[in-house]
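Each of the next two complexes has chain A plus one more chain, namely chain B in the first and chain C in the second.
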Partner chain A sequence: MSTLTLREAPPERLDFLSISPLALSGLTQAEAERLEIGTSRRGVKLGDCFAVSLDGSDSLTIEGGHERLDRVGASLSGGTIRVVGDVGQRLGAGMASGTLTVTGHAGPYAGSGATGGTITIEGDAGDYAGGAVYAAKAGLDGATLIVRGRAGAHCGDRMRRGLILVGQAGAHAGARMIAGTIAALEVGDLPGYGMRRGTLVTGKHGTLSPTFVETGSHDLVFLRLLGKHLRAVSEAHAALLDRPLRRYSGDLATLAKGEIWVAG
Partner chain B sequence: MPAWVKGAATDIDAAIAAAADLLGAARMPVIAGLNAEVSAIRAAFDLAGRVGASLDTDGAAGTYAELGALARVGAMTSTPAEAVGRADAVLVLGSAPAKSELLGRIEAGAPTRGRAAGATRAILALDGANEGGVLPALARLRAHFRGHLADESPTAVLASKLAAAQYVVVLYDPAEIGEMGVETVQGLVIDLNDRTRAFSLAVSGGHRNQDRAVVPVSAWTTGQAPRVGLGRKVPEHDPWRFDAARQVAAGEADAALWLSSLPAPRPDWLGQVPSVALVGEASPDAAEVVIAVGVPGRDVGGVLWNETRGALTYWPAQTGGSAPADLPSAASVLGRLTNRLAARSGTAC
Partner chain C sequence: MSGVTSEPHPMSDLTLNGIRVIDTFAEAFDVAGTAIVVTNDTPKWAMIAATTMTGFATSVIGCGAEAGIDAILSPDQTPDGRPGVRILLFGFEPNGLKDQLIKRVGQCILTCPGTACYAGVDGPNKIKLGGAIRYFGDGFAIAKRVPDETGKERRYWRIPVMDGEFLCEDSVRAVEGAVGGGNLLFLGRTHAETLKVAEFAVEAASSIPGAILPFPGGIVRSGSKVGGRTKGMMASTNDAYCPTLKGRAGSALPPECGVVLEIVIDALTSQGVSDSMRAGLHAATEVGERHGLIAVTAGNYGGNLGRHHYHLRDLLAPAAGQEG
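Let's look at the complex of A and B:
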């Protein structure tokens, strides 16, 4: 297992796009230490901020995170990255496969555009977790994003495929969803605003837009399958699907093929 | 020429030298405001390239609400002159458009051109006061257009009035309704165009700025929208990372240049980092280094966004009367600052 150990708080935001187990596996220690990760005109090299220890394996541990570590695991195509601490924005953005775990908190846009793999945030996530960045076609796009704590506003904004499992999400969770599934113990105001398709399962919600209409309680095979799927990740979320569920259909302002399931 | 360093009056050369020291020593400077004429905005981009700064604008919240929706769903827009000349139904969203002078012109007249010529003009309002905000109200209106909701509510009446009109213009302030609101407005306009003619028109509410000039300058200079950073020598566009208020609050920015040759309120964060202010209305305590520059259209000529015409137009300096004198243009001060930094080997990039 390769390890990067943070020596001190970075003086500027760092860009970890080029730091992955695959990229490091072909490098010597000296070459890895010279990798440019800074974002200002002064620049920072990997070795300036981190003690580097490489063994060529497909797993990488970042000991000591920081909220200035941007794009950790972005475009990851395989292997495992574990961060002990916090990370900045765009955690696992555009990731295609592999496993990404953060023990602390993550900044905004976690899992944006990720097409595969699993991202786990044990603390809280910022705004737009699983949401789309500026001008991107879609947010989460097939990966699995797990936020054990709270997520900020716009969780799953414009997500297209995949699963987001979150403790509490802020306002506008699942806004403008194209498709996919969000399971949350609680969401804030106007969940699913402008959603086209997709499924949002929640235990509790804030104000619902008037463009969602209740379509009754249903006992669907799909819900039991979803519950079984969620049970492997979170017992609390799976338990939502054991309760009677009311279905709201919307957003009627758009295609209206989305649904919000509220556990009674 | 009024210039101050740490509150003490000085000449402009000393102030430019102090500003160059301040910006040249910084790791991550920000250039914010950009509330200025086009030549000054261009000079600010040159300076940002020189010192590896990032840029942010005074009205970025509204600008990005508009651009984000444009990137996703496109836009059908009209101009103020078309709205005044042709619209027989104007839908005013929220409260901000009431502060624009355009609404006064629209209310004063009736359509004189096009398919609605001679008709009376209806001013309709949707403020969402009874529906929990503009966003739910907009969604509900659009659901009525799509035929997904049908009832006898005021929203249904509004929907039928709009559909019966010949030429509809929807007035909104993007900073007030946000990206999701703008997206719903554009969807509404698309739906309305199935039955009649409809367009959207963004107006700035109380907070005026030159963002509509910054966006094209930024696009032709960097290929990106305004919030770009040049720390890595290529323009990187990132609306979250290069939010100047966030950068200062997070301790990432260690110097700031506030450019506002048009008078605008200073942001609170400016005092939290060593800063340079190039301002039309100068006061000695505005920043560590303050240089008074000419106000475009009053002291100096300059190209500004003309909200009345919906275009960039040249505003000459006023002659005689109250025109005070001999203030340098913001572009010339920025140019001298850039040259001074370029001449220093240690800070050239």
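Let's look at the complex of A and C:
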């Protein structure tokens, strides 16, 4: 397992787009240490901030995270990255496959545009977790994003495919969803605001938009399939589906093929 | 697709369990085949859906497809954890199979209360099923992707219907190597006794996974030959095996034979046909003596029409693992 150990707090925001197990596997330690990760004219290199230890494997551990580490695991196409600590924005953005784990907190836009793989944040996530960055067509796009703690506002904004599991999500969870599934133990105000399609399952919610209409309780076969899938990832979220569920259909201001399931 | 023995059987030395087995072969054909799983809240309604869908599916010539129930599935064997039934469907070619599949699922599974429909086999050829039936949803249908237990993502259509939703997998798979037309003919003395023999054979033959016997109760009494004396007939009665035509030139029946019943087998693999025929042959001959079975033979067209030939000689040995 290759390891990057943070020596001290980074002097500026760092861009980890080019740091992946695959990219490091073909480099010598000296070459790896010379990789540019700075975002200013200072020209910060990997070796300036991290002690580098490589073994050529497809597994990378970043010991000592920091909120200034941006785009960790972005465009990851395989292998495993584990961050012991926090990360900055756009964790796993555009990731295609592999496993990405953060033991601390993550900044905004975690999992944005990720098409595959699994991203797990043991702590909290910032706003727009699984959401779309400015001008992007879609947020999460097929990957699985797990936030054990809280996610900020606009979780899953414009997500198109995939699954988001979150403990508590802020306001506007699932806003403008194109499709996909979000399961949250609790969401804030206006969940699913402007959603076109997609499924949001929650145990508790804030104010619901008047453009959602209750369709009653239904024992649908789809929920069995979803429950089976959720159970493999989180028992607590799967348990939501074991309770009596009320279904809200919306957002009637848009395509209205979305749904919010509220566990009673 | 019941076959005809093209010429009267020669005298044979083959015997199995004391019953004469004619040294001939069953001739079978390459067909397009698929499998689906239908589930419901109760085994009863899963079976109602399955029997409805597999109705009028005895022969591809007259029905467009041959279909049957392959297995009854317990809740832990189905994707949604409900009781289910695995159905096999065979057609002459992939397009015909697709047409029949969509019609039958659309008319018999979609309409059945509580039923859901899933792909029941993996294969190289995709048949759009839910993706075609979704138009019944009039734009209100929802597609959802959910990974299965192996992590493979599957796409489903949720079509609003009056009891909630009809859930149907977007596409199913057609296999390569499916074979239709394996068969056995039982030459007996009386109708009741020969029917019992055939029933034993059906039970054994249909126990092979991936094999079905599409005729009523698995048994066909109207074996056919290609063409006929009437112009335009694609098939006509298998006169060589009609007991009321005994004594004429061309009859293949010994004087003591009063009834002939046939079983026809379709399977997703050639091995499935072979295993199923073997099981049927052994089961029939085991009970044959006490039920007046005279001989067992098989139908073929001289070997020129179908590329799969199942020689009864090769089926006399018990299945691997069941010796002695």
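The rule we apply is simple: the second predicted complex is superposed on the first by the 264 of 264 C-alpha atoms of A that agree within 3 Å, B and C clash if a C-alpha of one lies under 4 Å from a C-alpha of the other, contacts with A are read in each partner's own complex, and residues count from 1 in each chain.
Rule of thumb we're sticking to: contacts are C-beta pairs under 8 Å (C-beta built on N, C-alpha and C of every residue); 3 or more make two chains touch, one makes a residue touch a chain.
Since this is a predicted model, take the numbers as computed values, not measurements.
Novice: State whether chain B and chain C clash or fit side by side on chain A once the two structures are superposed.
Specialist: With chain A as the common anchor, chain B and chain C both fit in the superposed model.
Novice: For A:257 in the superposed arrangement: first (chain B), second (chain C), both or neither?
Specialist: Once the two structures are laid over each other on A, A:257 reaches chain C alone.
Novice: Touching A:226 in the superposition: chain B (first), chain C (second), both, neither?
Specialist: Second partner only, chain C.
Novice: In the overlaid three-chain picture, which partner chain does A:207 touch, first (chain B) or second (chain C), both, or neither?
Specialist: First partner only, chain B.
Novice: From the CA centre of chain A, what is the angle out to the CA centres of chain B and chain C, nearest 10°?
Specialist: 130
Novice: A:199 contacts which: chain B (first), chain C (second), both, neither?
Specialist: In the superposition, A:199 contacts chain C only.
Novice: Does chain B (first) or chain C (second) touch A:34, or do both, or does neither?
Specialist: It touches nothing on chain B or chain C.
Novice: For the overlaid complexes, name the partner, chain B or chain C, with more touching residues on chain A.
Specialist: Of chain B and chain C, more residues of chain A lie in contact with B.
Novice: So in the superposed three-chain picture, is A:243 touching just chain B, just chain C, both, or none of them (first/second/both/neither)?
Specialist: neither
Novice: Could you tell me how near the closest CA atoms of chain B and chain C get once both structures are overlaid on the shared chain, in Å?
Specialist: Value for chain B versus chain C, nearest C-alpha atoms: 13 Å.
Novice: Which chain A residues qualify as touching chain C in the complex?
Specialist: So the residues of chain A touching chain C come out as 161, 179, 181, 197, 199, 218-222, 224-226, 228-229, 232, 257, 259.
Novice: Any idea which chain B residues touch chain A in the complex?
Specialist: Result: residues 27-28, 51-52, 64, 67-68, 71-72, 131-132, 135-136, 138-140, 142-143, 146, 148-149, 180, 183-184, 187, 225, 229-233, 236-241, 250, 252, 349 of chain B touch chain A.
Novice: Write out the stretch or stretches of chain C touching chain A in their complex.
Specialist: Answer in residue numbers: 39, 79-82, 116, 140, 142-147, 149, 156, 158, 164-165, 167.
Novice: For a test of understanding, state which residues of chain A touch chain B in their complex under the given definition.
Specialist: Interface residues on the chain A side: 11-13, 38-42, 67-68, 70, 89, 108-109, 134-135, 158, 172, 175-176, 190, 193-194, 207, 209-211, 251-254, 256.
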